[in-house]
């Protein structure tokens, strides 16, 4: 996190403030799809977190999180990857911050990807993982799936809205979509 | 703009609200570089607006604007292109919303691209223009420059912070950087 | 086509020469997916040619063709689009020659995309079409399909090897994959 | 290298054959820009080979080489990176074979990038290097340069035609172009 100009408040918001802001402007998010690559760069596994929420029950998802005020995209990627996958995941951040795709989530059901909490615009990155991810606090599990396994409709049905589409775009781009 | 779920407030913020939000989260922006292409797609001209602000005097810039709450990126691109270039510009919106690059602006001088008003994350698109842009309300002029002219250091010195870098990236990608 | 240095032979090869070269090196190809876009850039239709060959019978495909010796990619795109879609198609060539994806075709069955004639590396572009394509000499038909129609397994089964995968990647990138 | 269909000749050509083919069709090339990245993915150094030719004297270049008949792009990248940088370079091949840019080289001076040997179409990749490159047979040296050093006009003047432009495009895309 870069130093803030004097007089600015810090990047953390109270739950009340965040709730208020979320009804006024779209939030900037980063999302990271964890990949396990073979020695020649070929995709071997895609990683997903398993979490639980009151509203939706068990759900699988990629790494996803808000970009804070005055935080760079690279800082946000680093922070969320470590927060979600632990300190031993050793993600390989890309040299370029050109996203793999941009995902839009809206709070209104039936209108694009759905996120009941907010309108967000997410920059999505594919991030090779060299180490061993370990699920952190609010996650129950982290699992690797082969490209074939990841296309199981039951598995994709467990994913948060939008993430199955991101997965299928990635698989198509890597020549792995069945 | 899509219909909002009942109970939500509209996307427009009072100046007070906007000012408040801008100190709390990064703003989502779209930026569009107007291009005039030859019949075979070759870049002939790059377009820039000339505006005036109290703080910075005369400044050249590309089309740039905020994405509103519950507005899609495509809607925001359409709205800002029409607002800045008029109804006769006939921009050719891209089929894919994959941005050409992502630009980050920070309110702290000396830290990345500088925007004294806010921290913003801008999705940047190159947009071919078929019609005749006309500068609207707060712009004094709209001009086309050849790739060579656009690399004049004096001209680039008149551009808002970050836009000369976006221009040079675009010229490099199109094989036009001197 | 640019002027050739004196002493060079022209870019056209005799069938015998071409046959010989095709067993020695990979061929450079361009492929273009014809798109019909709405006023805001949204994908409305994808276009396909219907052709007939002795070996494979009726087959659907996108525009595809070889890059000649000393021909630029832009020249090859222009030439093949006009040759396959006619003079009234009015394709919108992209400003950037960054391909949408790269497709590899091999003469050995069961090894990547299959092309019995050769090994080729194809740079694939999505090309909006403003006019009215008309099938030329060796094509029987040109048809537009909605994104939904284009995902019909029967239709995709009629496509030349590799093109259904290109189509699905494009649909995924544009948020239209079912 | 995949197994070849029986009856096909192998991918290696005699010098006479290669010379012949080079006057008939464009050659498919891969090029790789070696990068040294910091722990957060930030660009620290760009790597260049120093070679010597009869015609041009000392010249700096990135990794570059021909794709053989029936060789995949990934196989060609792996082969040329090992051939030019040695077995201890440990390049990180990308998951996606979407190139960073496409470069076109022509044998006619004054017409695009110049390569007196041939017309080639090169798919260019940025490849992070984890290990220690060592110049092989026909190279005299391999050196790392900071983004600032790599923009020295004298250094760029030593690069083979086209590679300074690729370098500047990469630096612009990574926000490092002065």
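Each chain gets a letter, A, B, C and D, in the order it is written, and its residues are counted from 1.
In the analysis below, a residue touches a chain if its C-beta (ideal position, glycine included) is under 8 Å from a C-beta of that chain, and two chains touch if they have at least 3 such contacts.
Bear in mind the structure is a predicted one, so any value in this text is a computation, not a measurement.
Between B-C and B-D, more C-beta contact pairs are found at B-C. Shared residue numbers account for over half of those found at the interface formed by chain C and chain D, and the copies are therefore classed as meeting with the same residues. Mean C-alpha position of chain C lies 27 Å from that of chain D. A separation of 33 Å divides the Cα centre of chain B from that of chain C. If each chain is reduced to the centroid of its CA atoms, chain B and chain D end up 35 Å from each other.
Shared interface positions of chain B, i.e. residues touching 2 or more other chains, are given as 98, 101, 173. Residue ranges on chain B touching chain C, taken from their complex, read 35, 37, 40-43, 74-75, 78, 92-96, 98, 126, 128, 173-174.
Per the touch definition, chain B reaches chain D in the complex via residues 101, 165, 168-169, 172-173, 175, 177.
Touching chain A in their complex are the following residues of chain B: 2-5, 8-9, 13, 17, 21, 23-28, 66-73, 97-99, 101-102, 104, 106-108, 111-112, 119, 121, 123.
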